[in-house]
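In structure tokens below, several structures.
Below, chain A partners chain B and then partners chain C, in two separate complexes.
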Partner chain A sequence: MAVAIAAARVWRPNRGLSQAALLLLWRPGARGLARSHPHRQQQQFSSLDDKPQFPGASAEFIDKLEFIQPNVISGIPIYRVMDRQGQIINPSEDPHLPKEKVLKLYKSMTLLNTMDRILYESQRQGRISFYMTNYGEEGTHVGSAAALDNTDLVFGQYREAGVLMYRDYPLELFMAQCYGNISDLGKGRQMPVHYGCKERHFVTISSPLATQIPQAVGAAYAAKRANANRVVICYFGEGAASEGDAHAGFNFAATLECPIIFFCRNNGYAISTPTSEQYRGDGIAARGPGYGIMSIRVDGNDVFAVYNATREARRRAVAENQPFLIEAMTYRIGHHSTSDDSSAYRSVDEVNYWDKQDHPISRLRHYLLSQGWWDEEQEKAWRKQSRKKVRAPRPGGRRQGPAWEAGCLPTAPCPHR
Partner chain B sequence: MAVVAAAAGWLLRLRAAGAEGHWRRFRGVGLARGFLHPSATVEDAAQRRQVAHFTFQPDPEPREYGQTQKMNLFQSVTSALDNSLAKDPTAVIFGEDVAFGGVFRCTVGLRDKYGKDRVFNTPLCEQGIVGFGIGIAVTGATAIAEIQFADYIFPAFDQIVNEAAKYRYRSGDLFNCGSLTIRSPWGCVGHGALYHSQSPEAFFAHCPGIKVVIPRSPFQAKGLLLSCIEDKNPCIFFEPKILYRAAAEQVPIEPYNIPLSQAEVIQEGSDVTLVAWGTQVHVIREVASMAKEKLGVSCEVIDLRTIIPWDVDTVCKSVIKTGRLLISHEAPLTGGFASEISSTVQEECFLNLEAPISRVCGYDTPFPHIFEPFYIPDKWKCYDALRKMINY
Partner chain C sequence: MAAVSGLVRRPLREVSGLLKRRFHWTAPTALQVTVRDAINQGMDEELERDEKVFLLGEEVAQYDGAYKVSRGLWKKYGDKRIIDTPISEMGFAGIAVGAAMAGLRPICEFMTFNFSMQAIDQVINSAAKTYYMSGGLQPVPIVFRGPNGASAGVAAQHSQCFAAWYGHCPGLKVVSPWNSEDAKGLIKSAIRDNNPVVVLENELMYGVPFEFPPEAQSKDFLIPIGKAKIERQGTHITVVSHSRPVGHCLEAAAVLSKEGVECEVINMRTIRPMDMETIEASVMKTNHLVTVEGGWPQFGVGAEICARIMEGPAFNFLDAPAVRVTGADVPMPYAKILEDNSIPQVKDIIFAIKKTLNI
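Moving on, here comes the complex of A and B:
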């Protein structure tokens, strides 16, 4: 012991450590001493005595050299409530949503689908410059939106228009933003689909990917401090999850204990890059535990699964001030955007499979039909009605120009002269 | 004085050696060590390695803001932060190592006073720090982020330039992050080398949507920092680290504001305008007195204070009066902020100029360690450039 203390004096700068303090630091049972001193080995130790003391990890020792094998063959299982025919698999997981709510889910998805078709065509006709559709991912939008409070703050990437649709954002404003006309609240400054709505707590979209992730964490921290009982939800794709900002956001959310839901839409592609070229691990859900984040993988084409997971994540995020990660598996049926032709990198058969066999809208429709809440007549009528709603003439028509009045000019904070 | 004569002789010899343009590249290079320290022996020079290239000149005690206290730069920053957190319950301070007081002691005592939810460490990730700060500001709360050295601000460049600066514009004023302030130690410190000495203000000057502010003294720092925090735009506040301890003066205890985008004429003059910011203001102040003493030249010394949006009117008004402009900064010459000032002034004051605008800056190289005294635009380089302008 004297040797140890003397040694400690030589190697440690003398910052006023007393003898007693040194004894505490070099207490019996510290690894080196326990093993080397013959007297110590004869004493009785409880299993706690030879524990590692490193501040960096809470773990036991192991004396076998073994690398942890990442498990990608059989990854984190995918939670679902309905099968592909819209039948509830496990009745105890049925959220038993009331008819009006389920109809709202259905109508939001189909209205979005209709608007997508019309605006995609508008781009092809040269009426708008650019568009991104949401085909196949409508379930991830409305399922999650329905599970939130209306005042929960939403940070999106660019393929979450269904969240705004569910929050009753007027069709006119969707299109005003795409046309950049005088009705656009964004004042015509951004490319189409960069929506934002203060009233509906949907932060304006920006093009750089994943930048919203650490921002969402900061907003959640502020909500926690304000005791607002609000959650922040942050949407991003599996491609954006490769960005450094995603890593930053996850780590900050966990260390700073923020009430945030990270919602990853894993749709199989980042433009032309398939997931096999995006990551080698078990998707995005498997990263959560690495940050200390509660994580789940869900069937993104199952509106009820998305709803259940988001609802529970919201409840716990707010109650426990911790982040949750939901990886919603889905498929991007459409092209990345109007600037993309995905037949260059994937087969039409693959796309058709998802469109015909596993689509969030058809699965919910099967459920509605089986509940007797919907029928073919109503389907036909609603299709007609939704097309009419999207195409409805508006004051000034689509030929409205951008806002040129003085009050709408760029509000530059750099008035040099 | 003999050494000055020897130095002048050396300079003249170099001048004779080649054309003016050739001479410009030799500024500072090849000067004998004895030149820098007039009474030096080799031994003395080694002991004097730590001698600063400037002398901090405190401003007179301010009378209009109430009781004052002697504070150095880091203490004046602490005072500003203390005032902010006291006044604004939403304000939070975060960054690497701010909880224990900060590596430069700027946040000492604040966590104990205001709580661990308001003054806290973040993981080591600058893009996260700024992104997180933006998010806080989006909700309307006041976010004061610290980047440990300005040299490390670059991972956050995307968040600053693509996000913070454009938040209000791109959303049509639906959203903004105006209540974000980023503070960061800045500039040469004597031994900082490549990654603890940088002055990156020029990178951000090219970005409409943010404000960049650099104080020269504790009194300026507190007033300017408080203005940044209260400003409705995201601001970057660079703190000259060499002044943290070296600069001390009387600073009011109560909060006060110094306006942004207003340069200060700290000394009036008639023959030449000298413009700088941060530490370099003290260098050009000394150059002004050297010019007065040796050449009988009257210099107008301007501290720019805000880099963007910068006070074009004050600088131009001065150049119209004097006809000569010298701008000096530690950052490399090419693309440095002096180039923006020079370009604008020649546009606005072309016919008033008696000589080309002079820029005395760091070299277009990374910031060296052992060669720092040769790298920085010291008073001799500035004086020499001034002399040439006078004799043009």
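Moving on, here comes the complex of A and C:
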């Protein structure tokens, strides 16, 4: 409930229509359970009554000409549980996750980070043709994955490998997909990082942006019809949210009342396009209420905040059959892909700040250290172990993979989305 | 490649008339220009010539273009002429069409033509059909450009060839340059054309340098849309192709020449309107035809050429059925060995030629 109230309190147009806006947002129990939607209730028409009768909006009249000012100077606030040093700020928001679960969160993030480094190097060495890293966004992946059931369906964009990592997708299969070798379940059909796994309910990654959004809504609708007690989570970046498919997806999720979580990773850049050129409104979270969707903005580098928001959204999406929008603010520390060199459009200082001062892995490590669940020895040992795990030779592995000579690589940078 | 720009060097004879009179001068070393630089030059010259021309697309401005084709243009022309858009092909294609209808001359870049599918309604229903639907009142002078067809290791959703799809639609002109000369001449003609023109470039060709003839260095160098070029004269068989496969056809022709088979290689340059006259004249001379394309076979460019040959005078001159060499009829796979076997290679072209000639 705290979540819904926070959203309602902030997203209120400055004057005038606040009552009606609150009305739309304070729908919690009513919408899914009761069949009566305000727009479907029979209105008693009376010409004597000076209230608006328009079918298109439930609002009061106003006789003063005013435009609603988009609120971008002080936008929707960012929910967080830990500060940058990994200390819980408000103890009542601490999810009190057991040690094993927090360690799993940490190990998933670090293993992903290690795999990213090794596969990025593999591309530079010509062993694979292409790769996309997840640096800086690991928190958004594992925080949300941990809050879902294992059978919840995942539609990703291309920077959500941590979700699969959390669901224990074998390292061999990650590597096999990137190498396109004999062990690849996709039989070498797909570009690297286009993972898919039926058993882990992770829909195969598709390159064109935002096409997964309406598809996810359709899947959620099917889950609702089947009474499956299942939620669909749909990941996308703030750039993909500009696509027409995103608009269609949001609108349909709301009108068809689907149990779906829209999870937007707002990482500041779409290849080289910064958010200031991608949109002029208050990010993606502010769009949700425009569609009638419960929305929240969270600190994506705070694993517990992501976990709490996703957990609550999941519970209510399934119970009330309505969509939720979570905008996780984060930062893309790495380049867009191996075809990109981000020093062309952003400063090294900016990247270093996020890498050193506000990284999901460091923040969780500080938490672990303060709980006494982790120490330097274990850190060292784990680092060694994870590198070994990623590098382990395996049948049908690198050695049986195709050889990518440098001459076969595209002659120009080819940023793939 | 980046350092040596074709824009910097100038042929010796332009240096000084005095030099020309006094000294015996040797011809300048041939100017080598990559396809990327040729397109860049073409756009640069047209942007300079007509201030209604502007470029929009993803990453075209400060990033110099996803494939660096628009390198330096934003620095030179600024935000008003080189515009970065948010990620919505449907959105910016629609905006470009609207701008064209209102009197500007946009160049709309798709990062690859695969993503143009997200905007195809704007390209076909708005750009292509409007001039006809308005009874000739509303032209749409727009250029859609970007890389088309197979690249290397980018799999199905980045490798489709759209020549047949766009070539199918009345109202559009569709061009497919092969070398630098083609690229520059065709992009300039496309920009100056008052019709919507689809320019199908090729990512693998961007970095390939070609000799740039002197006439191509002129700011008014145009290649007429709708005219093919005979790249190599021959007598035994006509080989028709467009875009990157033209290079493969020339390689095949060189191999076969050693065996005494002389192939006439035609570079279509334009898909729509197709230059059937050149193809027919050639077939009437050689009596044999092989078409080569990177796209899928069904309803493809080769299929159209064969159908038209049958409908025209050249049919009676054929000594054997025409053969099409095309990409494999599958979504492009990723693994290198699969990919290599999904696109026409030189050996496939040689095989088809020999089959047609029954040797």
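As a working rule, the second predicted complex is superposed on the first by the 350 of 417 C-alpha atoms of A that agree within 3 Å, B and C clash if a C-alpha of one lies under 4 Å from a C-alpha of the other, contacts with A are read in each partner's own complex, and residues count from 1 in each chain.
The rule is short, and it goes like this: a residue touches a chain if its C-beta (ideal position, glycine included) is under 8 Å from a C-beta of that chain, and two chains touch if they have at least 3 such contacts.
Quick caveat, the model's predicted, so the values are computed rather than measured.
**Q** Applying the touch criterion given at the start, work out whether A:R225 contacts chain B, chain C, both or neither, answering first, second, both or neither.
**A** Only chain B is touched by A:R225; chain C is not.
**Q** Which partner chains sit in contact with A:L153 here, chain B, chain C, both or neither? Use first/second/both/neither.
**A** Once the two structures are laid over each other on A, A:L153 reaches chain B alone.
**Q** Touching A:V217 in the superposition: chain B (first), chain C (second), both, neither?
**A** In the superposition, A:V217 touches chain B alone.
**Q** Applying the document's definition of touch, where does A:G249 land relative to chain B and chain C: first, second, both, or neither?
**A** first
**Q** Which partner does A:R189 contact after superposing on A: first (chain B), second (chain C), both, neither?
**A** both
**Q** May I ask you to decide whether A:Q278 touches chain B, chain C, both, or neither, giving the answer as first, second, both or neither?
**A** second
**Q** Does the superposition put A:V203 against chain B (first), chain C (second), both, or neither?
**A** In the superposition, A:V203 touches chain B alone.
**Q** Just to be sure I follow: which residues of chain A are touched by chain B in one complex and then by chain C in the other one?
**A** 184, 187, 189-190, 194, 206, 208, 244-245, 410-417
**Q** Per the contact definition, I'd like the list of chain B residues that touch chain A in the complex.
**A** Listed in rising order, the residues of chain B that touch chain A are 90, 92, 117-118, 120, 122-123, 125, 127-128, 130-141, 143, 155, 158-159, 162-163, 166-175, 208-209, 211, 233, 308-310, 312.
**Q** So in the complex, which bits of chain A are touching chain B?
**A** Residues of chain A touching chain B: 153, 155, 184-187, 189-190, 194, 196-198, 203-204, 206, 208, 211, 213-223, 225-226, 244-245, 247-249, 251-252, 255-256, 410-417.
**Q** Along chain C, where are the residues that touch chain A in the complex?
**A** Going through chain C, the ones touching chain A are 36, 58-59, 62-63, 66-68, 84, 86-91, 111, 114-115, 117-118, 151-158, 203-204, 206-208, 331, 333-338.
**Q** Which stretch or stretches of chain A touch chain C in the complex?
**A** Residues 129-130, 180-181, 184, 187-192, 194, 206-210, 239-240, 242-245, 270-273, 277-279, 344-345, 402-404, 408-417 of chain A touch chain C in their complex.
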